[in-house]
Structures are given as C-alpha cells and as structure tokens.
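In structure tokens below, several structures.
Both complexes below contain chain A, partnered by chain B and then by chain C.
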Partner chain A sequence: MFTESIPFLQVVVPILPEIGLLILLLTVLLVDLFTRLVRKRTLGVVTGVGMIVIMLANLFVGFSLVNDASYAGTALGGMIRYDMLALMFRTMVLIAGALTAFISIDTPVVGKQGEYFGILTVATMGLSLMSAAADLMMVFLAVETASISLYILAGFLRDSKLSTEAGLKYYLFGAATAGLFLYGLSLLFGFTGETNIYNLAAPLGEMFAGDDTGAFAVAVALLLLLVGFGFKVAAVPFHFWTPDVYQGAPTSTTAFISTASKAASFALLVRVFDAVWPVEVAVYWTGLLAAMAVITMTLGNLLAIVQKNIKRMLAYSSIAQAGYTLIGVVALTETDLGTAAVAFYMFMYVLTNIAAFTVISVISNTTGTDEIADFAGLSRRSFPLTLAMILALLSLSGVPPLAGFFGKFFLFAAAVDAGYTWLAIIGVLNAIVALYYYLTVVKVMFVDPNEDTRPLVITPAFAAVLWISGVGILLMGVIAAPWWNWALNAAQSITAMAP
Partner chain B sequence: MTVTTIIFAVMAIFTLGGGLGVVASRNLFHAALYLVLSLFGIAGLFILLEAPFLAAVQVLVYVGAIAVLITITIMVTRRLMGPVESLNRQWPVAAVAAALVMATLGFVLVNQFSGISTAPDVPADGLTLLGAAFVDPAGFLLPFEVASVLLLAALIGAIVVARD
Partner chain C sequence: MIPLHWYLLVAAGLFSLGLYGVLSRRNAVAILMSIELMLTSVNLNLVAFWRYLSPETVNGKMFAIFVFAVAAAEAAVGLALIISIYRNRQTVIAEDINILKW
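This part shows the complex of A and B:
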C-alpha cells in the first residue's frame, strides 16, 4: 500500500517552516535551562530572530520551488498543499510570531519565561500548518495545535484574574466550537469517504443536486464548519470571547491572537471553501456569508465606539476588520480578486495591529493600565510613539496612502467585480463610522491634558518592532503593486495546479 | 435480533447513559465514574467495528490512564468532592438549543446513513498497515508528528498553569 518512497527533499521542503520551528522550540527550551534570570532577554531575541531566519529561508526556497512541478501541489500524502497562498500566509504568520516575540521581551512576567516563548513557537507552527493544510485530519490537528497553545498564552498571567478569565473563556468557547467543527468534518468524511479537501467538491455536489435530504445534510455539515471558522476569525455571532480575551491576555498575546491567528484562519477558510464548495452550493453560501459580513462589521464598529479600554476597543475593531475581510471571501467564488484581497488585507492587518499593540505595551508598562485616557497628551510626551500610533490607527481606518487604504480598496473592488456593489457600499459606510473612534484616540493624544510625566521607555526591542511594522505599513501603501501582484499569484495558485 | 444487535444496544446504552450521567450528576466524583462507563461503551463499539486495537487503546488510555488521572485530580482538589450545583438559570435555553442541534443532526444521520447495515471489510493485517501508515511520509507521518508536538505544548502548558 505505501511502498513507493518519496525523495527526501520533497518531504522536507513543503514543511520547512514547521521543521525550523520545531528546532527553534527545542533551542528555546535549552536556552531557558542554561541562562540565569538576569539574562532572560536572550529568550525573546533567540525566538524572534529564529523566526525571521525561518521566514527568510522559507521565502527563498519557496520562491524558487513553489512553481516547480515536483514540489508544487499537495505534499506528504495530501496532508498539506505547497503553493503560493501557503507561502504568503506562512510569511505573515512568521512575521507576526517574530514581532510578538520581540514585544514579549519587555512585557511584564511573560518576557522572562522560556515556556512562553516555547508555546508561542508551537502556536506559530500550528498557524503555519493551518495556512497549508489540505486534508480534513490535518486541518483539525493544525487548528487544535494553534488553539491549545493560544489558550495557554492567553491565561499565562496566573496572578491576574483578567488573564485567567481570558484563558478559561477562550478555552471553553474554543472547546465547544471545536466540537461542532469536528462534527462537521466527520459528516463530510461520512458523506464522501474522502478526507482530502480537493476530492470533496464532486461527491458533495452530487449529493446536493440529488434530493432535498441530501442537500440539507450538506448544508448542515458546512454550517458546522462555519461555526468553527467564525470562532477563529471572531465573526458575529461567534465573537463573544473576543473583547474579554483581548483585554485579559498579556498584551503580546493579544497582538498575536489578533494578527497571526486571524490571518491563518482566513487562509484556511479561503482554501477550504474554495475547494470544498461545489458550484451548486456556492449561491446559498455567499448569501449567508454576505449577511455575516454585514452584521460583523456593523456590530463591531458600533460597539467599538463606546469602549473606554484601548484593548477592548481594538477587540471590537478586530471583529469589524473580520467583517471587512469576509467581503473578500464572499467575492472569491466569482473572482480571484476576492482571495487576493483577503491575502493583501491580512498582510497589512498583521503589520498594522502589531504596531498598535506595541504602542499599547509601551504605555501600559509605565501606567499599568490600558485605558484610552492613558494616551492623553501623548503627542507632548513621546513623538515616536504618537507617530507610530497615528500610522496604525489611520491604516486601520483606511486612510490613503497607508496600507489599510489599499487593503479596503482591493476588498471593495473585488466585491464590485463579483457583483456585490451593495456590500461594498455598506463596507464604505462602516469604514466612515470606524474613522470616528480611531480618530477619537488621535484627538486624545493631541488635545487632552495629562499631568503624568513619567518617562515612556521605548526599549530596543519595542523600537525594532515599531520600525519594522511602521515601515511595512508605509511600504505596502506607497508601493502597493508588488504586494498586490504577490497576492494575485497566491489567489491563482489555489486553483491553478492540479491537486 | 442477532447477538451483535444486542451487544450494540448494551454498548450504546453504556455510552449514552454514561454521557447523560456525566452532565446530570451533581457530584463531580460520580460524574467521573459515569465518564469511565461511557468510555468503556465506546471501546465496546470499536470491537463491534472489528477494530480490536483501537478498543484496547481506548481501554488502556482513556478508561485506564485518563479516568484515573481525573479521579485523582478531583480527590486532591479541595472543595470539589462535595455536591456542586450543575445548573444555572439559563438551563432551559441551553436545553432547547441542544435539542435543536440533536434533532438536526439526528435527521441528517438517519437520512444519510440508515441504509448502511454492514461494516466495511477490515484487512486482516490492519494493525501492521496502521503502524506503517504512521511512519510513511505519503501516509500519516505529518499528522502523527504534529500530534506529538501538540502534546508537548499541552504538557508545558499544564506545568505553567499548575505550578506554584
């Protein structure tokens, strides 16, 4: 049955980031064992630099081999798919992981714990696998590897009630939705006898066209999948965990959950629905997703307005951003632009949100809280922080010429191209509402008085993250074309090659 | 009614009744014992499906190791031994939601799978094939290894959460 052997390189190349991350995990645990408490900063540096090296190596190998016929397509017995989309999202996940490691260095408590960096590495590995998974079994394992690590990272501050609550709440919601998700996966396997997602569309389409009970069964299975994905990307009505987890978790964890986890989940969502959805189902499906997108962005934006805590505000903002991104998922059945817009949007979102959470980390290190009021008078206290926060907030709200503007532009363009002009209009209206609460923070930074004169310390690690993400936000905005072409390549790659 | 049907009925009652006991029991310790019963029923179902290896693993790992761990954890944790309130005011809503999910899934299962009455053939050397598939790059090598990393992370996480 399994007699033919695969050449060594064809086993290693498609899982290069995972192999790298496993080596990094063991290295971090060893470094932790042999360093004294005063030198624990090494841990974060090793983790962050390691992830950047892995990302660059994977990019280098990827760009030379991803179109090579002997590597491209499904690999390792169909478990994962090696294509441009996987390469692009793995790059995002590794960037987010590396920047999170740098932020963690100067985050209280977690920065001195080897276990934190170890579990961060495993979470990154799970998310990297999610970006490439092509088999129902691999999909579930990748999601769980990422999720279980993230529950631990969220509840890492055991002395903080909020953090413990965040970890427990995230875990309970995650366990319930994982159960439903797994039920959906098992139904798909039961209907078709296949686990590879690229073999599912044809039998499911037959079932759907067959009779009413068959169509109902397919709809139920796919709805169950949607529960799992909705939870992972924080879309309404599966968003309830988001504000509490974002607020309670250590800020570095929040940065990671809001960026890497969301990006990888969208990669998986796009890949699974593009492959699994038979054409017959797509019509009903896009209607449901469009409704979800509208409710998600509207509710997220409206609830963000009333928040006093900056992490809660960004949590609702992140729900709204998931809503915008869902527009791209709606469009993808009609046009490749949809997938490309999702990929571009997530790339810019990773850089932008990391920048915002870095500024929050610096300020809360001094004040000990995360209120929006802490930002009062920031413009007179620290110019670099103000600049970085303005870049992040304007990019989130989609002001040109920053990356966020092109992100939204491509999403709405994809919607119009796919015939969902009304969805694009609702998106634009929502972006205007969102501008209000993002600019409120800018107003607080410039106008509100503040007696607090304690110095805000931007450590080298924070500075590095701010530089990388800030330059990234500007680059993706001013020179958007190369990134957009990359995203287009990625979008075409999921359908181009034979699985 | 064949012997197989009777055994299936008994095992199904163990599994479902045990599951019901887990959620309905007010004493956490009793719930743990019901869980053992439920897991044991699943092992019986594996035997009926001609998967004796999985049944053995089910008994060794779940009934043996995990149930014992849960029991010990309950015994050494203060304030968990006595009866606890297992229902809150939202239980009617939860019951309706659960009933709806069950009705939907039941409808799907009955409609899609009721025609199937025989288990598919299991190869005689199934265990050998299983072992080979776990270490074959074209088989299940990747999920097998990823599961190990997942367990390692969970292990580290458990230590982080539990240590003083």
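This part shows the complex of A and C:
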C-alpha cells in the first residue's frame, strides 16, 4: 500500500492547516517562555494572527488545488479527505480559533497563560482534522484531540468553583458519550473489516438487507453513533452539559465551544452519515434525526425564554440552533441543498455567536457577572456594543438582511426541497418563539434603567473581533450569493470524486 | 479455537457494566473508572474483530493502540479536573457538584 512513493506535496497539502497549527503551538510555547516578564498580550496576538495566516494560506492553496485530480479525494492512506467541504469547515474553525484567541487576550486570568493559547491551538487542530477525517480511526482521534483539549479549556480557571464544575461536567458527559460512540465505531469496523468510511456502505447494506440479526446490529451501531454526535452538537436528549458548561467556562472558551466545536461536529456528522449508511438505512436515520431536530429546537427555545444569565440563555439558544441545523442534515440524503445549507448556517453561526460572546466578555469584564440585567441601559453607555449585540441577536433570530436570515432560509428551502415541509414549518414557528427572547435582551438594552456608570472598555482586541464578525454578518447577509455558491460546491464535493 | 462471539459477549458485558457504573455511581472517580472500563471493552472488541475477520491487515491493531493511548490521556485530564474540584470544594461526589443548574 505504501510501496510507491508519494510526492511530498501530496502528503503536505491535505494536512496543511494541521502542520501550520503544530508550528504555531511550538511558537506559542516559545513566546510564552521568553515573555514571562514582558507583556503577555503578545501570546494572544501571535496565536490569533498565526491562525489567520494559516487560514489564508490554506484557502489560497486549497482553491488552486482542491479540484486538481492528484490532490482531491482521500489522502494519507485514506485518513483524510481533501475536498471543498473540508476546506470550508477548516476555514470556519480557524476563524473561530483566531477570534477566540483575540477575545482571550483581555479575558481575566486566561489571557496571561501560555498554556491556554497552546491548548486552544491543539483544540483547533483536532477540530480541523474532524472537518476532513475519512477513516474511523481518524474520526476517533480527531474527536478526542478536540474534546480532551476542550475539557481543559472549560475547567481552566482552577480557583473558580464554576469553571472547575463546568470542566468536570463536560468531561464526565463527554467521556461517557465518547465511550458509546467508540463502541459504535468498533461495531462498524467489526461488521465490515474496513475502517475507511467510504468503504463501509456496501457491506453494511448487505448486512442490513440480510437478516433480522444483521439489521438489528446495524441499528445498534447507528444509535451509538447518534449518541456521540448528539453530544458533540448539543442536540436533545444529549444536551444536559451545554448550559452548565457555557455558563461556568471562561467566556472565551464558551465562544469557542459554541462555534468551532459545533461547526466541526456538523462537518463530521454530514460526512460520516452521508458516506457510511447505505440507502436502505437512510430512512431510519433521517427519521430519528428529524425527531431529534424537532425536540431540540422546541426545547432549546422554550428553556431559553426563562433564563436570567446571558451565557445560559445563549446556551439554550445554541441548542435550538443545533436543532435548526439538523434539518439540513435530515435533508442531505435527498438533495445537495441540505449539506450546503448546513455549511452556510454554520459559517454564519460562527461569526454571529463570536460577536455575541465578545460583547458579553466586554460587559462582564466591568461588572464581574454575566446576567441579562447587566445589559440594562447599554444603549446609553456604549453605542458600538449595543449595535454589535443587536446585529448578533437579530442574525441569530433570522431577521433580514442579516446572515442568519439567509441561513434559516436555505435550511428551510432544503427541507421543502427534500419533502420535509412539515419540518420547515416547525422550524419557522420555532424561529418566531426565539425572536421573543432575543428581543427581550434588546429591550433590556434600550428601555431598562441602570445606575451603573462604570465605563465599558472596548480594548483593541475586542474591537478587532467585533469588526471582523460584524462585517462578516453583514456581508454574508447582504451579499449571500458567493458564500452560498461556495457552500453548494462544498456539498457537491462530498459525493463527487469517489475515492 | 474459541469462537468470535464469546469475545464479543464478554466485551458487551464489560461495556454494559461500565455504562451501568457511569449512570449509577455517585463518586466522580468511580465514574471515571467505569468510563475506562467502557473504553477497554471496546479494545477487546477491536482486537477480537481484527484477529477473526481481517488478520491480514493492521487496521484493528492500530485502532486498539490509538484507543488505549487516547484513554490514558483522557484519564489524566479527568483526574486533573477531579483534583481541581476537590481543592475547591473538598468533595468528589457528583451530586454535590451542583452550583450550576437550570
């Protein structure tokens, strides 16, 4: 298998972001070593700028080579699949990582720790691999690289009861579901003797069509995989960790978990479920996911309404957003629009949620808490912050002409196109419910009185993040077509170019 | 030779014990041990499948090696988190770690 020599570039190009991130990790550790006494701000700047450089390099190389026959398809002995979907999701993950690094600079405690930025880089590496993994081993390794780093990031504030509790809860829930997920992977390997996800569908199909025992065994593997993915994307009934972790973890970590981790998990979910399950099984998993989508949207939105803590509210909102996105996954067996809608939605969600958590960071740096009540009178205290928060909230609720509107539009269009009109209707109803609690925050910002007149400091790092994400939200909304075409290309690339 | 399904039954039994432990134990360290039991049973599964179904490839062996390497890293991080909880609260009972709710 490895007897013929593979040209150097064909080995390097498919894992370019990971190589870049590894170099960045070593650089960050070195910078940490030599800036002990100097200004620690350098750490975050190096990490953030490094990730942006890696993202741009990967985009540049990717767009020129991803359709080139000698690079496209699976690489590195089948471990990685180099295609447009991987390119798009890696871009999202790297953007989220870079913006998180910038937010972390001015987040108390974590901003001065080299380890925080190092582990953030490793987590980004894991998530980047998740976007491209094409082998059961790589799937497991990528998921665990990302998860283990995220547990540490969530429990990073060792002296904070909230943060350590968040870390432990995330760990216990994550490790247990990882065990179930892994058992599912071992069954898939056992049923087929293959580990490449693109070779699994045919033997699994035979087994499913064979007899009742075979069908039952495939169903068990499917359920175990669903548990793992349900945990990663925070879908009901595997969502219990989400509000606790979001509230307890340092705000920059919350921003990262809610965006990059969710995006990469959806990339993996789309790729694995599209490739692994044979046509005969498709009707079952789409049915299960459709049910999960409905419960996830509804429960997330209803529980978000009663929250008093803004991070907790956004946690339930992020559960609801995962529910909307699952609609796209359900639709992907019928139409390419499904995958494209998932990719577009995740891209806009990354930018939008980062903007929201940046505003929360600025405010909690002054007040020390993160209650919705802290937002009272924000419109009179800081106009730029109010504007950024309104952009983020309206985009999350799906108000035109912002990115979120097109995200939801494409998702529901994909559902209708695939024959799931009822799912689209439930999605629209849920979006209306969600509008209520997003607008409650807007009301608090404009109407409620607040005696607190302490100045809100928007540091250059926060300003940069708000600018990047704010402009992104507007751009993806006002000029949605190029992004949508990119997402469509990505969707077509997972089925095209058979390995 | 012992038939394959014996190994699979043992692995499934161990896995179920681990899962039962995760769901029923109150002590965080015991939950961690149960999780390790789940991962170990997966390894048994992988090695048995590899030996009986595709011994000519290295897939199953490699997978098992990755799994226990990752399991070790996971246990290290888990114990570290449990220690930092213990320093803050002087308890490792999962039910008492409940500041965050609703």
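Descriptive notes on the structure:
Operating definition for what follows: the second predicted complex is superposed on the first by the 495 of 499 C-alpha atoms of A that agree within 3 Å, B and C clash if a C-alpha of one lies under 4 Å from a C-alpha of the other, contacts with A are read in each partner's own complex, and residues count from 1 in each chain.
FYI, a contact is a pair of C-beta atoms (placed from the backbone, for glycine too) under 8 Å apart; a residue touches a chain by one contact, two chains touch by 3 or more.
Bear in mind the structure is a predicted one, so any value in this text is a computation, not a measurement.
Of the two partner chains placed by the overlay, only chain B lies in contact with A:Val122; chain C stays clear of it. When the two structures are aligned on the shared chain, A:Pro243 is found in touch with chain C, with no touch to chain B. Look at A:Gly179: by the touch rule set out above, it reaches chain C but stays clear of chain B. Looking at the shared chain after the overlay, A:Val49 reaches neither chain B nor chain C. By the touch criterion defined above, A:Leu187 lies against chain B and chain C together after alignment on the C-alpha atoms of chain A. In the superposed model, A:Met137 makes contact with both chain B and chain C. By the touch criterion defined above, A:Thr195 reaches chain C but does not reach chain B.
In the superposition on chain A, contact of A:Ile148 is made with both chain B and chain C. Contacts of A:Glu165 after superposition: chain C is touched, whereas chain B is not reached.
In the superposition on the C-alpha atoms of chain A, the part of chain A touched by chain B in one complex and by chain C in the other spans residues 137, 141, 144, 148, 151-152, 155, 158, 167, 183, 187, 190. Touching chain B in their complex are the following residues of chain A: 1-2, 4-6, 11, 15, 18, 22, 25, 76-77, 79-80, 113, 115-116, 118-119, 122-123, 125-126, 129, 135, 137-138, 141-142, 144-145, 148-149, 151-152, 155-156, 158, 167, 183, 187, 190-191, 213-214, 216-217, 220-221.
Within the complex formed with chain A, the residues of chain C that make contact are 8, 15, 18-19, 22, 28, 31-32, 35, 38-39, 41-42, 45-46, 48-49, 53-54, 57, 59-60, 62-63, 66-67, 70, 73-74, 77-78, 80-82, 84-85, 87-89, 94, 97-102. Interface of chain B with chain A (complex): residues 104-105, 107-108, 111-113, 129, 132-133, 136-143, 146-147, 149-150, 152-154, 156-157, 159-161. Listing the residues of chain A that touch chain C in their complex gives 136-137, 140-141, 144, 148, 151-152, 155, 158-162, 164-169, 171-172, 175-176, 178-180, 182-183, 186-187, 189-190, 193-195, 243-244, 247-248.
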